[in-house]
Structures are given as C-alpha cells and as structure tokens.
Amino acid sequence: MMKSNIPNSTDLTCAIKVVDLHVDFATAGGVLPAVRGVSFELEQGETLAIVGESGSGKSVTALSIMQLIAKRTGRISSGEIVFDGQDLLQLDEHKLREMRGNAISMIFQEPMSSLNPLMKVGHQVGEVFRRHLKVDRAEAKRLSIEMLRKVGLSAPERRYNEFPHQISGGMRQRVMIAIALACRPQLLIADEPTTALDVTIQGQILDLIQDLKSENEMSVIIITHDLGVVAEIVDYVVVMYAGQVVETGYAREIFEQPRHPYTKALINAVPKLGLRTRTKQRTRLEEIVGTVPNLLALPAGCAFCERCDYAQEICSTSAPSMEVVGARRSVRCHFDLTKKDRHHER
Amino acid sequence: MNLNMLKCLAFAAIVGFAGTAQAADSGGEFNFVAPYDGSILSLDPHKTSKQQDLLVTNNIFRSLYMWSAEHRKPMLELANLESVSDDGLTYTYKLHADMMFHNGRAMKASDIVYSYERMLSMKPVSPNAGHIQIIQGAKAFESGGADHVEGLSVLDDLRFSITLNDRVDPAYYFYRPGTAIVPQEAVEAAGDEFGLSPVGSGPFKFEEWVKGSEVKLSKFDNYFEAQKPYLDKLNFKILQEGSTRDIAFRANELDAILVEASQYPQYKADPSYSEHLVEVAEMFTRLISWNADYAPLSDKKVRQAISYAIDEDTINKKFLKGKAYNPVGWLPSTSEAFDANGKGFGYDVEKAKALMAEAGYADGFELEILGTANKSYGVGVAEVVGQYLSKIGITVTTQQLEGGILYDKLVAGDFQGIIWSFGSGVEPLKALKRWHSTTANDSGNYVKYNNPEYDALLDKAQNTNDEQKRVEYLQAADRIFADDAAVWLFNYNKAVLAVQPWVHGIEPVAIEIMYQDFADVWVDANSPRAK
Amino acid sequence: MFAFIVRRLLQFIPTILGISLIMFLLLNLIPGNAALSSAGRLELAPEVVEQIKAELGLDKPIVQRYVQYITRLAQGDMGQSYLRRYDVSEVVFSRLGATLKLAFAAISIALLIGVPLGFFAALKQGTWMDMLLTVVAVGGVSIPQFWLGILLMYFFGFMLHLLPTSGYGNGSLANLVLPALTLGLGYTAMLARITRAAVIEVLTSDYVRTARAKGLSELAINVRHVFRNAFVLILTTAGLLFGSLIGQTVVVERLFSWPGIGSLVVEAIFQRDIPVAQGCLLVIIFVFLTVNLLVDILYRAINPQIDFE
Amino acid sequence: MMLKSIFAHKNLMFGGTIVVLVVLMAIAAPLLAPFDPVFDADLMNSEMPPGGEFLFGTDTNGRDVLSRVIHGARISLSVGLVTQILNTIIGVSLGLVAGYMGRFWDDLIMGLTNIMLSIPVIVFALAIMAALGPGLINLFIALGLTNWAYTCRITRAQVLSDKKKDYVKAAKSLGYSRASIMFTQIMPNILGPVLVIATLGSAEAILLEAALSFLGLGAQPPTPSWGGMLSSARDLLFVAPWLSIFPGIAIFVTVLGFNMLGDGLRDLLDPKSVGATKLGGVR
C-alpha cells in the first residue's frame, strides 16, 4: 500500500502535519480501528475542513491532535502529528498541557454541555488566562471581559457573572470561542461548531471564527459533516470515510470536480453548493443510501464499495490506495471519477 | 438483727467460697443488666408490673415484706409484726425507727396507708392493685364508694394495722416490689413524673435514667441497715440481646448477667465462670396446656400417652442445655410443698402407643400447638415435641404467635395446645388453686380442669392448721393433677446468673432471679470498677 | 428561598397526615390486647381490663379515636404512652438525640470513606483496584446487618478489647464507633458506588473535555470541575440515604442496646404501645422529610441551574 | 451483539452464575440435601460440629445444617421472587395509571408514593408483620406491599416521556384503547429498568427477611430460612459457630449475586441511570 504523498521535510509554512495516524478503541466487541492511517497537512493561515459522516473518524482525528482521546478506551497506536517542529505524540503530558488551550485550542459541538454548568462563564474564560498567562484573579477578570466583548457578547461585565444555563446557545458558543482564542492560539480546531445551533446563528459563528482568524493569524481546522456550511470559508478539504482519508484537495477543486464517489455524494447532498443559505429553509443533508460499514468487521475491498454507485468487481476484493492526482490533491479510488471512460454508470 | 449478713453467709456457702466470713469491701461500681423486653418503662413501682422495671425499683424502694432467698419465703422488712388478731384477719405492725426516704424524711405509718391507697385510687388503676385488694374495704375505696380503705389504720407515728378480707398470709402479697412504699410529698410534687425521678427508701437512690440505655443509682447514705449498701454506684444496663450481653460480660463490662440456655453449657464448661454461676429453680412451671374441648385431648389416656411419648429429660438436657429441672408435678422444686419423691411419667413409647390404641387413636390425629418465639418455652420446643409425637402417630403443626395474641386465645379457649410458662409459686396452695374447678377458666384454669378429688384435697389443705398435714394434702393434690395429665409438664425454669469472680452477695432468688437486693452485694478490689 | 421553604414545609402536612392514617389503622389492626399489655401483665381480672380499656379510650370506635388523635396532634399533643403513662413526646424526644447522633455518625463515615473511595475508583476506572473496590462495595451491602454487628462487636470489643461492646456509655465517642460502623458500612459501600458512577459520568462529560482542552492540570480539573459536578449528583441520593438510615437504625440499635428511636419503635410495636409507635413513626418521617428538605436547599444552593421556585 | 455484551459484563456474568447456581440448588434441593431439613431431627445429634455424617454440623434440634442451608435457598428465592413480583405489579400498575391518567390520579398516586418513600421499608414491614403475625406468607405480603415506590416512579416517568413519542400517538390515532396502549406499547419500554429494580429488590428482600427474623418477625420455625437460621444462631457464636457461618455465607453470596446481576443488568439495559445506583440492601 502506497503511503501518502505528503513530503516529510519540515516545511516552515506548514501549520500542522498529520502522518499515518492510527487510533484504536477497545469496545465490548473487540478493537475498533476508528482512524486508519490518516495523513494530511495544513499550511499556515489556512482553513481546513475535515468532512465525513458520523463515524468516519473525523472527530477522533481532531481529538488526537489535542490528545484528548479517552485513555481508558482509546489509543493512538501509531503515526506522527507534527506541530511547531515537534511530534506531539512524543510530548509528555506536562508539555501537552502547556500547549492545549494555548498554542492549539479547540471548540466543540455542544456549547451547552461543553461548559461547566456550575461555573460562571467568566471564570471559565478566566481559567485559561490564569493557567497560561499566570495572571492574577483581577487581571484574569479584566482579560476575560475583554475577550467576551471581542467575541461579540453584549454587556460582557454582566455576562461574566452568569451561568451557562442563563445564556442562549449562540452566546455559549461565543463563550467557547472566547475560551479557545483567549491565548491567541496558532491552531484552532472547531469540531462541528455550528451543528447544534440555529441556522441564523450558524453564519454568525462562522463569520466570527473567520474574523478572529485573520486577526490572530491562526490556522483553523473545521470538522463537519456538512460541506455546504463551510464551503465559503475553507481553503482545503479532507474527506474521510470509515477511518480513512478518501480524498484531499483545495476546496474549489473538490467542489468543482470531486474525484471520489463519496465526495460526489456528499456534494450532491448539499442543495446549492457554494451558497451559504442563511435564512432559507435548508433541507437536511440528503442521505447517502446505506450505512457506514462496521469498523469491527471491515470488508476486504473498498470500505465504500457497498454504497458506491460505480463499484466494480475489483472494489469488493481489493482496497484502493491513496493516489496523488495533483498539487496537494489525492484520491483513494480504483476509478477516478474524472476518468469517465473507465466507468460505466449502472 | 442482721438478716442480710446471714444471707451473705448463706450465699457464700452456695457458691462455694471459703467458710470464713470475708469482710465486705465498701465502694465500687456495679454494672448489672436489665435483660428483659427492652426499655424500662417507669420507675414508679405502682405504675408498672414489668420485671424489667421492678428489678430496678426493687433497689430504690422497699416493700413491707421482702423475699428472702434462703428462707424461700417473704420476710418482714420495714416493720416488726406486733400482733395478729384472733380471727387472723388484723395484723398490727410497728415500723423500724429512723428509716429515711431519699428526700431525708423519716418513714411513718401514714406512708404505708398512703402507698396502698394510692395504688387503688390511681387512674388507670395500678396493675399491682390486686395484691392490695385483700385488704378489707379496698374494693369499696377503689370504686369510689369510700374515702379511705377501711382495713387500713394508722395507730401512731410508727404503728399501723391492716385488716384483711380472708385468712391469708399478708406476707405473700405485700412482699411484691410493686407494692413498695412511696413518700407522699415526693409523689405529689412530681405528679405524673414520679416514675421518671423516683424517691424511695431503698439502699440506692435514683441518680440518672438514660432512656432506653441505663438507669444509674447511687448509694443512699442514710439507709437503715448499718454499713449498707456497700456499693457506691449501681447501674442497670438495658441489654435485651443475649448475644450482646454475653459478649459484654466476657469483655468484663458487666459484673453479672442473666444466662440464656444457649450459652449455659459454655459457662458451665469454662472454669473461669463455672464456679461463679448462681442457679435457682424459679417458681415458674413450663407446660403445654391441652384444650379438653378438642375431642382426642378430652381423653385422659391420650393425654397420658402424650406425656409418655415425650422425653422431657432429653429435651431439657439437649434442647435447653440442662438449664431446666425435670418436673414431677405442678409445684416447682423451690416450693415448700414440693414432692421430692415425686416422679414424672418418664419416656415410654410402647406404653404411649398402647394407651393411644386403648383410647381408639391407634392411627393418631392432628394437633396444633401454639407458642411464642421464646427459646425456652416457645414454638421451638413445640417442634421438638412434634418430633416425639410423630412416633405415636400424632401429627403436630406449630404456629408462632405473639404473647398478647396467644393469651387472648388461651383465655378464649381457642386452641388445641399452647406452650407457655405459668407462675407456680410462691404460696403452694395459691399456686395449686389455679386448677381448682371454681377458678374461672379465663383467670387461670385455662384447661378447664375439673377433678372433685383434687378440689377436695385443696379445700382440706386450706382448712387445716396442721402444717404437715397441709403439705401432705397439697402433695397429694399435685400428684392427682400430674397423673391426669391435663397439661404436659415440661420443666421448672432454672434461672442462672453468671457473676464475675470479684462479685459477692448475688443470691438465688427463686421468685425471679433478677430481683436482686443490692444492699448485700459488694465487690473485691480487683474489680475493674472497684473504686 | 423563604417562600420555597414555607411551601415545602406545607407539603409535609398531607404526607404526615397520610402516614398517620395508614399507620393508625395498621397499628390498631395489630391483634393483641392493648389494654392488657398496657397493664404490663397478662393475668388480670376481666373487669380490670375493661376499666383500663375505658380509661385509655380503647372502647371507642376507631374513626373517633383517629379524629381525636389528629385533632390533638394538630395542637402538638402526641398523646400518652399506654405503658409509661406519661407524654409520648417526652418518651420519643428523649430518644431522638441518640438516633440522630448514630445516624449522623454513620452518614459521616459513609461520606468520609465512601466518597473518596468512589472518586478513587472512578479515576482508576477499569483497573484491578476499581474491580476490587466494586466487589468490596457490593459485598458491603450484602451482609446481614445484625450479623456484621455481632462480628464487629466480637472482634473489636471482646477479642481486641479496643471498644465497648455495646450500650450508650455516657454518650462517649468510643461507644458510638461500633454501631456507627455497623450502620455506616452498607452506606459507605453505597456512596462509594454512587460517587463512582457520578464521577465517571462527569469525567466523560463535554465540559471536562473542555477543561482538558484548556490545558488545565488533572488536579485543577478534578477539584474545580469534576468534584463539584459529581457532588451535585451524589447529594440527591445522599439525602435519600440519610432518611433510610434513620429507618435502618431499628436493627442496629436493638443489637447494640442503643437508646434511640429505632429500638423504641420496635419495642412499642411489640408492646402494643400504639401512641408511642405512632409518635416514633411520625418523628422518623419528620426527620426524613426535613433532611430531604435540607438536602434540597443545599442542592439548590450549589446548583445554579435550579432556582428556588 | 447482545450476547457478546452480556459476556463482556463481568458483574453480570458473576452475579448471573451465582443466581443460577442458587436457583439450581433450590430446584434440586430434595436431591442434593442428605437429610430432610425439618423432620430429620434427633436431639441426640444436637449441635454436632461439622464433619462426618453432617458436613456442616447440626443445629440445636439435631437437624442437618447442610440440608437446611440447601432447602433455605427455596425460601430465600421465593422471598425474593414473590415479593418482587408483587412490588412490580403494584408499582407498574400504579405508575401506568398515574402517568397515563394524570391529574387527580397522578396526584393521588404520587402522594402515596411519596408517603411510601418516607416510611422506612423495614419499619413498615415490621408493622405489617406485627399485624399479621410471623410466617412466610405474611412475609410475602409485608415485603410485597411496601417496596414498590421506585418502580412506580420510574414507570410513571417513562410513561410521561413515552406519551409524547410518535408511536404512542400513532397507536392512539389508530383507535387503540388507553389500556391496551398502556400495556402493549409502554410496557416493553419500561421492562429494562423495572427488571433491574426487581433484581436489586430481591437482594433487599432477602436481607429484610433476615432483619425481620432478627426482630422476631421473619418466616417462622421450623421453616429453614437463612435469616431465621442466622438469627437463632446469634446466641451461639461462641458455642456453635457453624450455625451462623453457613447460613450467613449463604445469604451473603446470594445477595451479592443478585446485586451483581442487577448491577450488570443495569449496565446492559439502562446504562445511563446514575441516580438509580441503589443496591438492594440499604434503603
């Protein structure tokens, strides 16, 4: 099996590089390989989207970068995650903690449950300042209020003293962003940051992330199952399926000319590509027929084979490998969609 | 008189101490138990008839008479008997001088009258009023028909007389701890609360009552018997659980405990305790009452067959671990009319089978025996009895009931057999009268026993003045009762106290071994609570 | 908050009324002659029994007796003990202190041992230590209480002579240890399990993941985020436990001759001293309700998500 | 998948094994026990220590302790089973009625449930036993009537949440009667938690029987109940320790088994319920 094409040299413009990441989970049914050899690279200042259905391993990949995989059940079995010239997987827990919330931070899908319900939101922001900037209580408070203002909360002094249940979902996500961006991280990982929010709020949050990104000169990884939501703001896309990367490429190329049947299906599931519809009632992601394969009992061939409209005999017997098909562009398919002659539609 | 010193000597002999009268040590604390059904309810002796309460009040109060362990009968305590009238109904007493109540006032003859009248006039009536009702005019006074009891009169400060309804020995009534003498002014000052902070004239005065836990008494310095009591402090710890008591005693937290049958062999076998066991045949006879209205049991032969079929000796030895005496009749071995030559039925299955066949019950019948959960005379024993009776074809079922319910059934005659324990002392004639045909079925003669021969013997005993004849009549009556097998006689209780080696003066009190008189008890210097 | 407490206190009334009715009927259904046992002896002349019955009011119909009871109760009068012939309140309240002391000691043991153990087990989730703690915890609640008590009494009191075997002492601490342990052990086990489950739930929560993502140390995470949230979960169950503990005292108090309300209620039922039994039950239930109210107040004080509404 | 996860839960396996063994012991008691637990009594064999003919020794009546322990499984299991069936029936029925009928019925039943929750089970059972007298049947009644509040609450809560769900609405629109909706639609959904409660409740009932025996109101002799045996042996700790050790261990192991089983069932069927971490035994 051919490895990814990503060069091994340390590129100074590279924000983060993930190389052949494998993550396993111990479950009642046996070892579940949630991530199987994921590699990608993100350049300084870029916004990258990892796209895939639930169970594709995209969130696990993101959590692996933070090394927040639950140790009791999950294990990063091999791979490299190079950040700032260091392999994060080799760092000890102390160094990792120095880094988390500081150089790399993360925001999560559920703004309600991601905030401690018993702690004032201001304290939850202030905690980061106290931890990483080693400032005193008063200074932390001042910085927190400033941060809350920056993420667009009205009357931040009042919000500071409120509890999560007292503010709206959109505000909570703003608080989460305030926490994540408090220490001006180089890299922000946003795991489905808008999924739990109203359509109107979704756009605001994405705009906020975009604004703060340019202000802070950071790189962003957005994890999403919905290409449509992020189409306008991403530079580079990594499509994942069943724990593997199936296609990578610049956003424009991917949207214009998907090479993997799965990517195509994902794009088809979005009604109007490229148009972020804020007010219009948007139908849910059109479901792709079939279900994600059981990772405990993977088929011998291509993992997407069962659901693929273009599957041939070889697809069920041999797993395709990742092939470079352009600049930072690769695809994992026996039959590249662009080479139409090799397909006959069923 | 130094009666109590005598008692000590007698006791020393019983428990096997050296014959030399050891000088009693003064001081120390004594931890005794209150082993019966839980909390102490009241320390007002007139308001309770529970042994659990009276075993404490017995040391705070004194009654006119008190039970003497070695004479096995009540003896005068507070007064001397000056005279008895010719008709035998009027008794004149003179109190000992300088007897003090704990509040510092000297006891007067009027206190006796007040105490007895109080018992009769209380609302609700005192449970012990029955003992007082032998006095002339008591009933009239109780029902409000008279403003004082006719038979009670104060003669002077110390002298008083009591006139009775019938010729009975008042000693057997006025020795009860529940007829104790109380000081009027203290009772009236305390009102309903007198039972919470009692004032008496006994050797110990009330100190503290931790409800549900213990009663603490302390030495009464002005007790009328010189030098007594010896102990500075006396505590009654409420310890209902046999196992708890046992462990506490072995851990030396207690100076004496009541021993249960289950633990008895262990104490017997343990050399450090076996020499310090105080044992007595208490005046209780355990039995199964047979209901004569149940057809099979109406036949004397069947009842006799049952008595032959059960090996009470083995049950007493094995099941009760020897903590019982085999019965020969109704009267227990501590009774003055006990028939030392008497014999029980013995164990003879063949004879039992023959009797069953004669009675026409060769194939047996079904029999239900009711009992309480009591280990020594409850359903446990009835089960064993059932094991024996199965050999002569009688199928026994047992049912466990609570005392109150069982008693209701007993009174109502709603049973086939009930296993129970009845008082069979103190006065033998009174004890045997229970089975006299004129005794109401609901107030003692629960088995409706009716044998004219038996009645006649009791009547003769009552009317004779010859002490020896009287005993002979009583013994003859008892033999008839035993032979009629109206009840199955199981045993006389052997009450046992285990006593620490440093303790002296605990006595085998046959009326109730827990009614110890601590005026006479002292502890050696090696007691953990000596000083 | 004041309004909340008042409203909750008012809610006591129907509960207590309901319980008093159920218990009054039940206790009066108990066969056995209350008048007889109130006289404290079995062999009494029938007319004396009738007289006592009349004096205790037992000759009236049960409905009338209940109405009378409730009317007096509303005025704070729990009646007179059949056996003791003085006020039930005097009887019951003289015992309440000992039970509260025992229950408080037991729940303290349970909290001080059970909560840290459960916390520890949760942090070590899945290891052999966790397994061991789980087995010990389940084992702890599976022993018949009186048996455990006798064994403790035997080893600590008799074999080792470390502690008094039984009794109240003068309320000394040494006397409290064994009964409190006997009573508390099951609850220790229970709290350890509750704590473990609560901590595990909190540990897998999103906000703890957020705390980790902030780069906080484990200590800071446990103290500031895990423990407080777990405690809210523990608290709700601990309140119920304390209430049930008061009921459990019936066995332990009897075994250790502990002069509390638990031994009293058993005794009163056996002796058919119905006013006392009834009084005990009402007090037990009142304590249970009060403790739960206090826990509720505490819960609300800790948990900002719930207002005093 | 289901089977696999059953095996994956150690507590479920462990508890289940114990309970199955106890059940087998109860079923095969007459075959396993060397003697009759009640009638093979001979005072001559009173309190023989373990060994020889009597593997676990004999009791005061001279009965074989082993046989009594084996037969005791029948008593303890029936105490667990019967009382829990009663509790479950009462709890589920009242919970369904309260949740489904709402309003007056809900208030009434929840009021009653709150009352039941505030009276300690053991005290309530004690009062009932005092009213009925000791004995196995009465024990079933006393324990079967007093411990249904949790089941009732959970059933009601489930009904309230299910009521809003589509399938119940659908059933309603199809014209099914209230009763049939209650029983056919909602019952399967509450089976899990109710089963867990009943399993833990069995453990509790066995311990309560022992506690009531201690207080003198358990199954009455000569019934070979473990609680009764243990309770009557408590005075004999120094004299005949085997009389308390064997029934004590029997109770401990069986209760442990039921607790483990209930615990495992909860992990399997109802993994999210943190609040319901109660165990049979302390309440």
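As written, the chain order gives the labels A, B, C and D, with residue 1 at the start of each chain.
Rule of thumb we're sticking to: contacts are C-beta pairs under 8 Å (C-beta built on N, C-alpha and C of every residue); 3 or more make two chains touch, one makes a residue touch a chain.
The structure displayed is predicted, hence computed values, not measured ones.
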Ask   = Which chain pair is joined by more contacting C-beta pairs, C-D or A-C?
value = C-D
Chain nearest the overall Cα centroid = C
Request  = Just give me the whole-number Å value for how far the CA centre of subunit A lies from that of subunit C.
outcome  = 52
Message = Taking the mean of the CA coordinates per chain, how far is subunit C from subunit D in Å?
response = 21
Task = Could you tell me the distance, in whole angstrom, between the mean C-alpha positions of subunit B and subunit C?
result = 39
Request  = Find the geometric centre of each of subunit A and subunit B from their Cα atoms only, then give the gap between the two centres in Å, rounded to an integer.
outcome  = 90
Request  = Check each residue of subunit D and list the ones that touch at least two other chains.
outcome  = 130, 133, 216, 234, 237
Task = Two or more other chains in contact with one residue: find those residues in subunit C.
result = 31, 150, 154, 254-255, 266, 270
Ask   = On subunit A, where are the residues touching two or more other chains?
value = none
Ask   = Any idea which subunit C residues touch subunit A in the complex?
value = 125-126, 204-207, 209-217, 220, 224-225, 228-229, 232, 302-305
Inquiry  = Could you list, by residue number, the parts of subunit B that touch subunit D in their complex?
reply    = 241-243, 246-247, 260, 262-263, 265-266, 311, 314-315, 318-319, 373, 375, 379-380, 383-384, 387, 390, 398-402, 405
Key: subunit B partner contacts - residues on subunit D that touch it in the complex   = 39, 41-44, 46, 60-62, 130, 133-135, 216, 220-222, 232, 234-239
Remark   = Seen from subunit C, its contact residues with subunit B in the complex are 31-33, 36-46, 48, 51-52, 55-56, 81, 83-86, 91, 94-95, 98, 150, 153-154, 157-158, 161, 164-168, 170, 254-260, 263-264, 266-267, 270-272
Residue numbers on subunit D that touch subunit C, as the complex places them = 10-11, 111-112, 114-115, 117-123, 126-128, 130-131, 133, 203, 207, 210-211, 214-216, 227, 230-231, 234, 237, 244, 248, 251-252, 255-256, 259-260, 263, 274-275, 277-283
